[in-house]
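Here the structure is laid out as structure tokens; the discussion comes afterwards.
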Amino acid sequence: MSTSFEVWLAAALTLMVLSFLWRDNPFYKFAEHLFVGVSAGYWMVLGFWTTLWPNAVVKLVPAAARVTDPAATLPDREPLVLIPLGLGCLMLLRLWPRLSWLSRWPTAFAVGTTLGYNLVRTLRSDLLSQIHAAVLPGLLIRAVDGSVAWGATVNQWILLAGTVCCLVYFTFTRGDRGARAPLARAGLMVLMVAFGASFAYAVMSRITQLVGRLHFLLGDWLGIV
Amino acid sequence: MNWLTSIHWNLVLWLGGALGAMAWGIRQVRRNGPPRLRRIAGLEAVDDAVGRATEEGRPVLYVAGTQDLDDVQTVASLGILGSVGARAARYGCELIMPTDRSLVMAAGREVLRESYTRAGRPDDFVADMVSYVSDDQFGFAARVDGLIARRRPGAVFLQGAFYAESLLLAEAGAQAGAVQVAGTAMNHQLPFLVAACDHVLIGEEFFAAEAYLSRDPDRLGSLQGQDLVKDAVIVVLVVGACLVTLADITSWGWLANARDLLLKVVQP
Amino acid sequence: MTDARVSWVERLGLIDRRWLYLVLLISVAVAVVVRPLFPDTPSTFVQPVVDRIERLEPGSPVLISLDYSPAAAPEIEPMAFAMVRHLLMRGAHPVFISLFPEGSAMFQRLHAEVLATDFGDLEAGRHWTNLGYKAGGRMVINALRQDLSAMYHADMDGRPLADLPGLADCSRLGDFSLIVALTSGTPGLKEWILYGGDPTGVPVVGGCTGIGTPEYLAYFPGQLRGLVGGLKGASEYEAALASLFPERAFPRRAGRVMGPQTVAHVVILIFLVLGNVAYLRGRRREGGGGAA
Amino acid sequence: MRRLMPQIITTVVGVLLVLTALMARPEDAPTGGRLAFFDFIDRNFSVWFNILAVFAFILGGASLMKSHLIKIVGRRSDWPYSVVTLVSFLVVLVVGLAKLGGPPGLTGDVTHPEAWLQTVFNGLYDPLMASLYSLLAFFVASAAYRAFRMRSLEASILLGSAFVVLLGRTPLGTWLSNLLPPSLAFLRIDAISMWIIRVPNVAGQRAVLMGIAVGVVALTWSVLTGRSRSRGGQA
């Protein structure tokens, strides 16, 4: 059995969370509320020391670099970081209802940046690259003896046909009669097989997490394993 | 000029084409009215589910996801809530809506008040239909599960952004024998919801549902434009695959040129 | 006779869920204690990762992004440890960063179990470098693409980037030989493909949780050169490592967990079958298998 | 002003970045002349965004305090739990910002193995998060028994595919497959599960990705042009 305070604390909290399986109870609620507080604090601290301090404070007041590392070489001053700092301060105004409209400015900047960077990248990586990956020669030849690899070839065409059918399923404004209907139906079935695979992989992840916890309880804490 | 050569022309082509298609779609809808819409089974199930619950004398339960109002899926869900609420009002069926955010509660009340008024039954609207339960994820699910076990709703709607709590909610509904209609764009939860619910609006269907129900011409037009882009993608895929294959097995130069041109257009 | 069986099936359907919890808990706990070890071989998605690392020149800088949280650690840590061991055995220079706040703590565990234990003779800053966490997600990748020093001025021990011999020829993302994204969510592998690999041409390989695997496979093999998916992938990687370096006898964390994992899969499959048998019987009795 | 200014910021920033992504070739050597402007944007906007991201954490913490303080002061139901959240938040904040434990003063890494923040991580954050997620394994197990039903053709296909993959990705699947005679090798459950992942799964995922990409174009356009809030056609 472990003698470390950290491990005992962790074990107690683990049991508190798992007590939810019996029913919702004060121990579980305590643990969940503790998690909300701890994680918010943890993220804020790391954001401050890893990003805000070196990339904003130090760039504005180079001497600040010496606070965290007395031997640091001082970087150049970059007054431009006043822009994001100012926007950041405006963001905090959301807490004061009368001035909260100003907090829309930094949000607008964030939305514009996200969408602006995202648009072309998504177009490239999720549309063009996927098309590029789908448009492959439909007759695969084995390098060894020059014969046709029929298995791989058939798979290639099934993959392409499946993609097309799913795309047909995701079109909405073409009515539902004619040749599209059976294709869309087939697309739905392909999607279901895909979801089945996602389902299985998600179950796997959940189980690994459980095994990890039991490992901690039985091994690190109780020392049985 | 070096900057002319440094433009990704094929990206410009696709982007321009997509934007053009959407502009065309919106113009088309504004001029000629809404397009022919494919039926979405999950959306048609809304009516039946509410009807069945009414016949059995059981209430309808609606959960608008577990995220706050700043999530697009929550907003889309409130659009669907409007039409579910209108049907419940028309049939005189009781509606219960537990929420896990106070903002969603307030917005839900507004939406339902309007649907009940529009259905001509403003007096049937009671603010308490929409209640705030709890902010915490599994705590919310546990209490909604209790509610489902006690009230035994005839229809359960799980529409919006869900995380792991979706499983708990769907399981409780299945146990109560409710008709369950789910809708979400959370890819990780979709498979579980499909397995546990009777009807599911899958990803894009969920967003399209909002356009279907709102009948907003711009939304429908944009949808029509997006469909045009998807059609173009389908054509490129089919033509491209055939072209690449033929160019591979024949030795015709023009085929190889055509293939190279096409691959350049889709070069990421 | 038939009636008795139907009611038995029906009773099965109404069983309290806590019994199911208990069955799962006990069967997994027993398997955790027994810990069987199964043989494994790399699959189509894992082998390319192994091959790519095998082909690296000694000294090649490899960016490793630790984008996972404690919840995913049971899945990701075994593969992270195996891949870092492999990189260091081949003399590559791993540069660790993180887009997850928890990444710094995850690095500490990796340091304790791999860098300090198996490779105690290697030097920080010369043989491997830890740059740490930055907030901003995909925008961090975007900034690194332009210039490493836009986001990072020093490593986590405070040494300025310019003083790190291992990073002498490495001033931006494009200078790396390989990007290894170990991912449990967003931001993660997808962002590394979209914002890192695609625009710079640096090959990206990944390790991810089971949940992410099916989606990321759509990027394989074009944009994603190899994928170690979930515990099974990690177990395959460990097996590959064991056959490459039999003399080192590295621990096989994932391999050891595959036993309890298999038991749990079987329990869930049994539940799935039993539940559906009860359902289909109930439905047949209700209305001759008509529409429900 | 209140509505116009945010729209202008979003549109200008968004359009500039779209143009940047279309024009600049940052992977080439640094460009000069006209492209220098785009390089400047590309480099700085992401760094600025990252600084803003930290303010989002700060805002999140502050709103957390505000909402829980309201609960405590108003003695709302479950208010004692709000005290737990509030106190733990403040304690972690002080421990982290003051870099208690570890290297002396404010020097060194806040996640240094001896820093108290690392104890907070190991003793509180890590077990809580990992345990919350491990609950899901139980939920899946009970839903497998009580909710996942072959109620339609679609659900049956999904469950069938899930069954094969779940079995095929374990040593048990390999073991069962080894019982098959070589002539039936195509029925090997591990091979079928691999096929499902490589072919139909990729087809489905690919279509979903393409669909989302088209949706992103539509969404970006409607936000950048300010149509996203319009109802009924007129802005």
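Read from first to last, the chains carry the letters A, B, C and D; within each, the first residue is number 1.
The rule we apply is simple: contacts are C-beta pairs under 8 Å (C-beta built on N, C-alpha and C of every residue); 3 or more make two chains touch, one makes a residue touch a chain.
Just so we're clear, the structure is a prediction, and the values are computed from it rather than from any experiment.
K.L.:
For the interfaces A-D and A-C, which has the higher count of C-beta pairs in contact?
P.N.:
More C-beta contacts join the chains of A-D.
K.L.:
Measuring between mean CA coordinates, which chain is farthest from chain D?
P.N.:
B
K.L.:
With chain centres taken as the means of their Cα atoms, state the distance from chain A to chain D in Å.
P.N.:
Once rounded, the distance between the two centres reads 3 Å.
K.L.:
Centroid of chain A to centroid of chain C, CA atoms only: how many Å?
P.N.:
Centres of chain A and chain C (C-alpha means) sit 13 Å apart.
K.L.:
Averaging over Cα atoms per chain, report the distance between chain C and chain D in Å.
P.N.:
Centre-to-centre distance between chain C and chain D: 16 Å.
K.L.:
Would you kindly tell me how far, in whole Å, the mean C-alpha position of chain D lies from that of chain B?
P.N.:
20
K.L.:
Among the residues of chain B, which are close enough to touch at least two other chains?
P.N.:
8, 11, 15, 18, 138, 171, 187-188, 191-192, 194-195, 204, 230, 233, 268, in rising order.
K.L.:
Provide the list of chain D residues touching at least two other chains, using ranges where the numbers run on.
P.N.:
Answer for chain D, listing residues that touch two or more other chains: 18, 21-22, 45-47, 49-51, 53-54, 57, 78, 107-108, 110-111, 121-122, 125-127, 129-130, 132-133, 135-138, 140, 142, 146-149, 151, 154-155, 158-159, 162-163, 166, 169, 197-198, 201-202, 205-206, 208-212, 214, 217.
K.L.:
Which chain C residues sit where two or more other chains touch them?
P.N.:
Touching at least two other chains: 17, 21, 24-25, 71, 73-74, 102, 104, 132, 134-136, 139, 142, 151, 158, 198-199, 211, 213-215, 218, 223, 230, 232, 261, 264-265, 268.
K.L.:
Mapping chain-to-chain touches, which pattern fits: line, ring, star, complete or other?
P.N.:
Per interface graph, the chains form a complete graph.
K.L.:
Touching residues of chain D toward chain A in the complex: what are they?
P.N.:
Spelled out, the residues of chain D in touch with chain A are 2, 5-7, 9-18, 20-22, 44-64, 66, 78, 81-82, 84-93, 95-97, 99, 106-108, 110-111, 117, 119-138, 140, 153-155, 157-166, 169, 195-214, 216-217, 219-220, 223-224.
K.L.:
Applying the document's contact rule, which stretches of chain C touch chain D when the two form their complex?
P.N.:
The contact residues of chain C facing chain D are 13, 15, 17, 20-21, 23-25, 38-40, 43-44, 69-71, 73-74, 102, 104-105, 107-108, 112, 132, 134-137, 139-140, 142-143, 145-147, 150-151, 156-158, 174, 199-201, 213-215, 217-218, 220, 230, 232, 258, 261-262, 264-269, 271-272, 274-276, 279-280, 292.
K.L.:
Within the complex, which stretch of chain C touches chain B?
P.N.:
Touching chain B from chain C are residues 17, 198, 211, 215, 223.
K.L.:
Where on chain B is chain D touching in the complex?
P.N.:
It is residues 2-3, 6-8, 11-12, 15, 18-19, 22, 30, 134, 138, 164, 167-168, 170-171, 173-175, 187, 191-192, 194-196, 198, 203-204, 207, 216-218, 222, 225-226, 229-230, 233 of chain B that touch chain D.
K.L.:
Looking at the complex, which residues from chain A come into contact with chain B?
P.N.:
20, 23-24, 28-29, 32-33, 36, 119-120, 123-125, 127-129, 131-132, 134-139, 157, 160, 163-164, 167-168, 170-176, 184, 191-192, 195-196, 198-199, 202
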